[in-house]
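Following this message is one structure expressed as structure tokens.
By written order: A, B, C and D. Residues from 1 in each chain.
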Amino acid sequence: MKSIKPLREKKNTAILLIHCPDRQGILATVTEFLNKNNGNIIYLDQYVDRAEMIFYMRVEWELHGFAIPEDKINEYFYTLIADKLEMNYSLHFSKQIPRMAIFVSKMSHCLFDMLSRYTAGEWDVEIPVIISNHMDLEPVARRFDIEFQYIPVTAETKAEQEATEVELLEKHEVDFIVLARYMQVLSPEFVARFPNRIINIHHSFLPAFAGAKPYHAAYERGVKIIGATSHYVTSDLDGGPIIEQDVTRCNHTDTVERLVRKGRDLEKIVLSHAVFKHLQRKVLVYKNKTVVFN
Amino acid sequence: MKSIKPLREKKNTAILLIHCPDRQGILATVTEFLNKNNGNIIYLDQYVDRAEMIFYMRVEWELHGFAIPEDKINEYFYTLIADKLEMNYSLHFSKQIPRMAIFVSKMSHCLFDMLSRYTAGEWDVEIPVIISNHMDLEPVARRFDIEFQYIPVTAETKAEQEATEVELLEKHEVDFIVLARYMQVLSPEFVARFPNRIINIHHSFLPAFAGAKPYHAAYERGVKIIGATSHYVTSDLDGGPIIEQDVTRCNHTDTVERLVRKGRDLEKIVLSHAVFKHLQRKVLVYKNKTVVFN
Amino acid sequence: MKSIKPLREKKNTAILLIHCPDRQGILATVTEFLNKNNGNIIYLDQYVDRAEMIFYMRVEWELHGFAIPEDKINEYFYTLIADKLEMNYSLHFSKQIPRMAIFVSKMSHCLFDMLSRYTAGEWDVEIPVIISNHMDLEPVARRFDIEFQYIPVTAETKAEQEATEVELLEKHEVDFIVLARYMQVLSPEFVARFPNRIINIHHSFLPAFAGAKPYHAAYERGVKIIGATSHYVTSDLDGGPIIEQDVTRCNHTDTVERLVRKGRDLEKIVLSHAVFKHLQRKVLVYKNKTVVFN
Amino acid sequence: MKSIKPLREKKNTAILLIHCPDRQGILATVTEFLNKNNGNIIYLDQYVDRAEMIFYMRVEWELHGFAIPEDKINEYFYTLIADKLEMNYSLHFSKQIPRMAIFVSKMSHCLFDMLSRYTAGEWDVEIPVIISNHMDLEPVARRFDIEFQYIPVTAETKAEQEATEVELLEKHEVDFIVLARYMQVLSPEFVARFPNRIINIHHSFLPAFAGAKPYHAAYERGVKIIGATSHYVTSDLDGGPIIEQDVTRCNHTDTVERLVRKGRDLEKIVLSHAVFKHLQRKVLVYKNKTVVFN
């Protein structure tokens, strides 16, 4: 189903995500660079971690009228500023629409939530393919006119199947992957191919109840609040940098079944918020933690 | 799209929703009536409003093995108990799947959320028809295989068009209506036909910002929290009994556009929660307020 | 400082907290017992855990006019009902004001919060003694006119000092103990003397970050929400039945110092809410979990 | 009661709060001014309202080593920067401890909360005087060793009594006033003397339930969430710029008395958070709205 809402004509902008050792004048240097070259800044947020002495920044400016040609910005910024200041940075352009693959198993709530936003034109994203180890959600993909690839996985076939997945992802020029309640652990090799580019939703308030069956564990422990956590996937299971979390109250009347039901709404909203932040290039990873710009 | 998940075989149960003047022994009388007739209670919640001296109760029991035949329960309960105790009550059976019509205009988020739950088998409901004053969401209805009726409304044609709507609703034997961001005010006559059976979502924390453009009003006032409210529709605009509310934080960086975006997620979750409570027959209206059982 | 607000004259009531194997008719039996003996019920809440088939109930009724003399209620209830239905129950009278000891170390926020409520007449409680392993909060106790006992603890003196504490608690006829950021682990022997009668506040969202320095651990892990947990103390450190939890959002701008500051407000409110529920006899412990009545 | 905790030796810092029409280079200009003069920035946050084209900024830097003498900063900043860029700004020094008066009536919860933080050393503030139209809280003031002034107010004596209050406030060199559930409306003349320097707590989620008896109104309306709002006082009753709000859930079991109880905890925390933001010079008022820096 193509977007039901015509997208607004959007201005083409450039986005810089920066982190580097803090020192005097970084902020002035970067803003001057943009100002002098006629870059109209439309977003600027920065933060200094004074414990670690690290400077973080996200700045976005209009390309229209900017003195440096689009394809030279990276070179100029590196030479004139980043190299001298030992900056880690990434440069993005708003007109580059990210391409995202969704991995699912049998549960549909996160998938539906993302496809709804996609179809409603809420997100600037392309979704070329949905990959699953089960056939259950094929009808959903079909109704939204998105390619569905059934790739069952067993312990024996994992390596082979992941190779097939990688091929598919490359063919579709996928930028990042969302695990929408995909109930499989990815191999370290697979994860290493997509550093900070695989977003997972875990159905607990991490680090509480990492691993399998968190709602059962929450029930057994008798907690009064349950949560959901979206994070980048690393080789450390449920241990990657957290992007977003949310919680809801529960009490003694909540059976496991009720916790699962309450949790579904948390999961889908938390995951979609994390994906949206990622799409906006507002997430910066440093030392297994995230800076999420507003 | 038919349900992608096979529904569990569910037990057939009876549900009583009761309110009446409080007096000694009501609770014992009702539970004894069920116990003596072999009714296995699977849900019981009750509350006494000691300011108003009103007794509220929801009780649900298995019909299997219950001594009174299903089609006699109402008569027996009325004669033996309700009449004597001046009870207001309603009797429901879980096997009666409620039939719900959805009214929409142009915004899709609430519609998608409800259709996703419906398709995923989360809700015991039938949705025979979607009615709209615009064609925008016809593709959504079509993809979910639900009849879509385009009924444009103007000030002049309102009476006539509402008559058409009523006809449609009767033809489809609709039990209740959900206004999923339907941007039209219903006539008092229309509302009067469906007392406590039209559920609306208002995009503010009522009673703050009733009426049009609540996000603009919230922005102007500089509030630090925005909300959404689901309520039954009465002839008093945005003044009906509140079923569910939720809120989220905002601050000076939130433009109207950002408030609208944040609000969408509130609206869809709040509306779906309200509909779910209604479907479970857990909402009881008394004096323009609701008792919502857990 | 004695109460600054005259306490309202309160009705004398009896409270029963019950749990037992669920079976047909328990609710009717208990309410009939009260009704027949002219007990005016002013609170009744019950819940059946249908997974475990356990019935839980809290009922409160006025003693004025009740046919059974106050000092015979326990005997009658045991003989006529509890024994037959294999009930675990406890009987309380509202006129019995519980006596609570507070253990503190150096942090004052929880102590101030509780003493403020006590002084304002919010709580029906007596606080005969505050015990601490440091002198820091002696001025606070003095200003609120509460006895302060300085009992320093070292690994070597622990057994001896706990003996002194027990003596003090007995002398003051203390019913239960609140650990208001008391930074000492109690011995299993001490804990065993006060089953479900020691309330602790832990400065994390348990089971996440049990043990020492939870704010540092939360900072290191990069969570987006922090919490506080009040629970009954058992021999399992930070593993006892949870009474109340609450959370607040944090982000990359929150240093450990800021987390500590935000956390203080959570801790004091969560602890005071848990204590209030306990004072109202609304907490029932079963299998390391709590039923907390509304 | 003097502080029970020795205050850390704190660095002397300067703080600039700025708002002005947005134009290119403001941020670079301000940071350069500080950098060139050897000002070590320890906090910088800025925001551009792109609808109104207004630039907002809070910057804080260490005075140690700063090239411009403390008593010349204002003159230099005005001449070199603010005048040219049409800036509204205020300059503060962390060593200037603000002096705050508290107005109360009969309810103690907000007063206790603030005095507890003051005594615990959480806040850099002086509280020279508590003013009340009732004697009820005199014992609280006395126990915390703070001057208490009883100034009863009637419609007839209002002008005269407010004159007395102003005299007292001047004598004590009070910088700002906190109305801690002070149940009197201040005259426009009084309010005009302290623009954006009187902080009130209103016991509802404004703009819902402005005016008297908001908990009764919330109960009548049957809302599912209640709130509290702290705002600067203007001549428009309950209409001033909002600093902080918070909410908590309620339901049909909550009587007015229970709402009042739940609300107290909201009120005290919301008010104290607002006061803390004010003390940190993190609140900037513009067009009846606030920018509250993080």
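By our rule, a contact is a pair of C-beta atoms (placed from the backbone, for glycine too) under 8 Å apart; a residue touches a chain by one contact, two chains touch by 3 or more.
In this text, all values refer to a predicted model and were calculated from it rather than measured experimentally.
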item	value
Listed chain pair A-D, C-D or A-C that repeats interface B-D [over half of contact pairs the same by residue number]	A-C
Shared interface numbering between chain D and chain A [over half = same, under half = different]	same
Centre distance in Å when chain A and chain C are each reduced to the mean of their C-alpha atoms	42
Whole-Å gap separating chain B and chain C, where each centre is the average of the chain's CA atoms	38
Distance from the mean Cα position of chain B to that of chain A, given in whole angstrom	35
Multi-partner residues of chain A (each touching 2 or more other chains)	50, 253
Sites on chain A touched by chain D in the complex	24-25, 27-28, 31-32, 35, 40-42, 44, 46, 48, 50, 249
Chain A to chain B touching residues, read off their complex	1, 4-5, 108-109, 112-113, 116, 119-120, 122, 136-137, 139-140, 143-144, 253, 261, 264-265, 269, 272-273, 294
For the chain C and chain A complex, residues of the former touching the latter	47, 49-51, 56, 205-209, 221-225, 227, 241-247, 251-253, 255-256, 288-292
